[in-house]
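Shared between the two complexes below is subunit A, which pairs with subunit B and subunit C, respectively.
Here is the complex of A and B:
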């Protein structure tokens, strides 16, 4: 099938190499740090900067919305408001003025988590600036993940670890909240500590403890020895059997078994 | 200039007919369950015809180095058969930094290696982690689906072993795989004690899901931010312990002592062009994989820095590689919209019950075949049977029927269990709770790599490896949930082994680039063109027009 592979390569050229003008139908103008560039309309801010000639060192990480490396501040034509976005997850708009934030110079206190009580008290101890929150909601407006950042800072003041965990869980630690905060709070570090404290307040499930003990005491040694001594055909048979029977757990219909088998 | 494309609910208008066809068959598909799985024979047949690893072309035998004569993808061979960026004699090798352990790479594996080398007794100021981008910029942080660990009563490490072995076509290195599955429950326990939050049900029990090719549900997830949650917890731990850290400092070459043992690395500041010579008694290589090489022209799920640097460096230092001839294509990458082409649609979407459906609304494949089989089936549907959609930019794809998840598990499940995915589509105007999403296979994972024993040791003394840069544990095909596990298990093991290795050892007598001499001679003898250099460090996506007008003046 060489022709199939060639067709796939051809179809993906615009995303696997630089964009060629001949393939572009629609254009917009964006201002990268104030300079105008004409760029294809249907691409992300990150792709547009690359199209314009930037080869990222800072400002590009996972390129999929998980790492927070490409925090971007922008304004659109005719609008006075500053907006924020992830460059890899945001389409360019005509008249966009933009700059990337390459680094957040935020302080992170060090702590030994195992020595801290698994409640809310360490939060104010390590982040006394929490008390300076004026509830202006700028952090929430700055969050490219649309999290209720101010709400979790308020929860931190109350020491409510569960609420912080729930509200901050999808935080990618891009730093935009901290850069905009008039009280100089480093929200994402506060949330990190809170989630770890909350996590530590939950017990390790018994079956996990039990399985670790079993493995350490060699419960599976004999079975492994037997399996490792099998020939290819025997082990294939065993594999097929497990795949077929799935331990009696509603075989085949993967969708129905999601909780505890 | 062409008309602006009309979008309805985020999709071009012409796709609506097919979306309706998918809706029309949904009730019946829910009722009947997914189509049956394939037999091993059917799988083989399909792979041979439609998987990019098996389709002719794309690979060649290496002409130099420890794996001379073995097959590697052309894009990888181009980097392995390439001259160093700096040759012996070009640099003054005065030592700038002296440590016991140098860790290269800042994902899960590298971070684990630091923490566990410290736990094993090496002081934090004698451990340095250097990474090409920021600490955490890695494929690890993007891992969505989960981490496998056989910790439920219905499961056992032996069954986990069997699943991974079959998924890897029985080519996995058994002793390394055994270490992976036996350490898994401990890793989950340890992470939980550090405060890592795996999904739990209302009774506080872990929610454990199925993954492709697993015979038991054992996937531990943190919503669809699993790798991010694991990474940010252990990175926080790393920061608390005060290790040395250099960001935007990739290694461009390993250093060796006069006996050929690895003795440090040359690092390069990407922003100032200054190099630093780091002397170390041991090096842990945790540099990840090669997705950004776009093997066979596929888009990729990988992070920006996945350019095989570690493979290249280890190979020149004499490390033996294995299973480089297989590449993992994830069956479901985004095929639309254009802005997110290639990005990962986690297997968890299928684990939660979404079926893979063609243009006419037919479920044409069991949704949880091993990844290579699932990918081949989608390629067949798109390029042979042609029952696919074609996007405005000419990409082909089939539907992943995400609304089934809400039907099966109740409204709100997608937002709760797949928030990252939901958010991504929402940003581009698509509601995956209501409409299916368009997918096509994407380059996901380097199955092979530097050969290792169960403790991350290689055939080169002083060189330890962990994570995607290694080969053997997954054989020729990795299962979902075994990659984050691999990084966590072998990052820890490599850290411990490196700590034991450096104990009582003096600093290397000298640091040299002498190991390059023989390799470079071999390349010249084989006629490798002089301009071919590696590692490449970053891919290049600059526009063609600007590249044509670029001049280097300063």
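Here is the complex of A and C:
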């Protein structure tokens, strides 16, 4: 694992440890866990932490705003609000106090989805603490994806699987809602169960049935075997070739589309 | 996607009223909502579901310093204010009670309201003044029982109904929709529908409410008293306005005490039936004790 994290860090070198300080015109001071660091302005919180010497082993992942691993809480100068963000998607500001939340402790209940009724009843069965929601909306304020988190918890209370699915679809499971909730709800686990139940309540689409039939009849067996027999470099080459044929991989940043702006 | 993102536009027409369903009416008590909406449509009213409503709070908090418990109810009142409306109608007696009391609680003390508004800084400040109504108040004070009587298509002639109020519509006095010990709004409604309302001494007593979870024996005792009294008065049906009362009276009615159980309906089911709403919108099939054999004897279904 650390090896992979180092590879990712290397790929980000140009904007972190590789910065030539004499080329930086604007600097800000941020307080990482209370200690002041002078860092280049216009870099992200994650890059700033690496610039300051931190090395991520956990609490960093895709660096593109999709994986939800880099939850951060911070305050900015002159503002009492406790703010939340993804460290890879948020730029440092002068006077920012910040800390990473590398993990949200939460038990994942085990359930056999096929054995649960395809309605709202399993939600309160596995998450009875849902009924502790007082509609304070703190979860919604904490969400870096700008989801209406409280609204889907309220929908869960009345078993409305469709509403939960729609409202929670862009959840990246960063866990900030659960860390802020005074009722100690683990919203993202609730939403995931709801989406699974909702999926079960829908008819299986024709194209899925067809593809499953194809797979079972062995249409793709040969191609799978071939890919599985390739070495790492061969697979990487194959991937690049496919992307070029599709017109992808135009630039390194093509995959860095952010959701928040 | 239901109402969360695309609320039906509410125009300021007097016959279109913001309506708060509550969780039970979307789950256990769908028959209550469906029959009420159909009945109100027959009377020329639209119950327009409040956009982005949340749980009423379920039980009104008696801890006067725990303002957090009032966020839920007050947030619903903010939703009414956002529509530019001043009234909110409820069906569930528990939701009515919680919302009406919370509205008074914050209305009575500007400091409380200020603190709640400061906490809910993502919402517009609640300015107070939203009136929380129960549907029975709307029927009595605005539609009027004479008007309802004039619109009855199937008079419930000879149907003997015991109106069961329970607690939440009547107590405490400041939110009671009628006299706490001798209410008569349900009686007046059923008379207008052509039915025969029966008086019985337990009509405003508690069913045992949430004791059904932790100590169901208490509820069984309460239900036995209530149902026996209604039966002695000659009731064929019991009608209520509370999903929890309905659940308790159905679930804890023991056949050990009497071989034939009494059906417990929502008052809106009888209202809708009398106003000629088609049978498939009355929700009778969802009840534990089906009233249709009785009603078909009277040629009403």
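One rule holds in what follows: the second predicted complex is superposed on the first by the 191 of 261 C-alpha atoms of A that agree within 3 Å, B and C clash if a C-alpha of one lies under 4 Å from a C-alpha of the other, contacts with A are read in each partner's own complex, and residues count from 1 in each chain.
The rule we apply is simple: a residue touches a chain if its C-beta (ideal position, glycine included) is under 8 Å from a C-beta of that chain, and two chains touch if they have at least 3 such contacts.
These figures come from a predicted structure and were not determined experimentally.
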Partner chain in contact with A:141 - subunit B first, subunit C second, else both or neither: second
Greater residue coverage of subunit A in the superposed arrangement, subunit B or subunit C: B
Touched partner set for A:154, first subunit B, second subunit C, both or neither: second
Which of subunit B and subunit C A:33 touches, first, second, both or neither: neither
Subunit B versus subunit C as contact partner of A:162, first or second or both or neither: second
Which superposed partner A:133 touches (first subunit B, second subunit C, both, neither): second
Subunit A residues contacted in one complex by subunit B, in the other by subunit C: none
Subunit C residues touching subunit A - in the complex, by the definition given at the top: 1-2, 4-5, 23, 26-27, 52-55, 57-58, 68-69, 71-72, 75, 119-120, 122
Complex interface listing, subunit A residues touching subunit B: 1-2, 4-5, 7-21, 23, 25-26, 42-44, 47, 50-58, 60-67, 69, 89-91, 108, 110-113, 145-146, 165, 169-170, 172-173, 192-193, 195-200, 202-205, 207-209, 211-212, 215, 220, 223-224, 227-228, 232, 235-236, 238-240, 242-243, 245-247, 249, 252-261
Residue ranges of subunit A touching subunit C (in the complex, touch as defined): 120, 131, 133-137, 140-141, 148, 150-151, 154-155, 157-160, 162-163, 166-167, 182
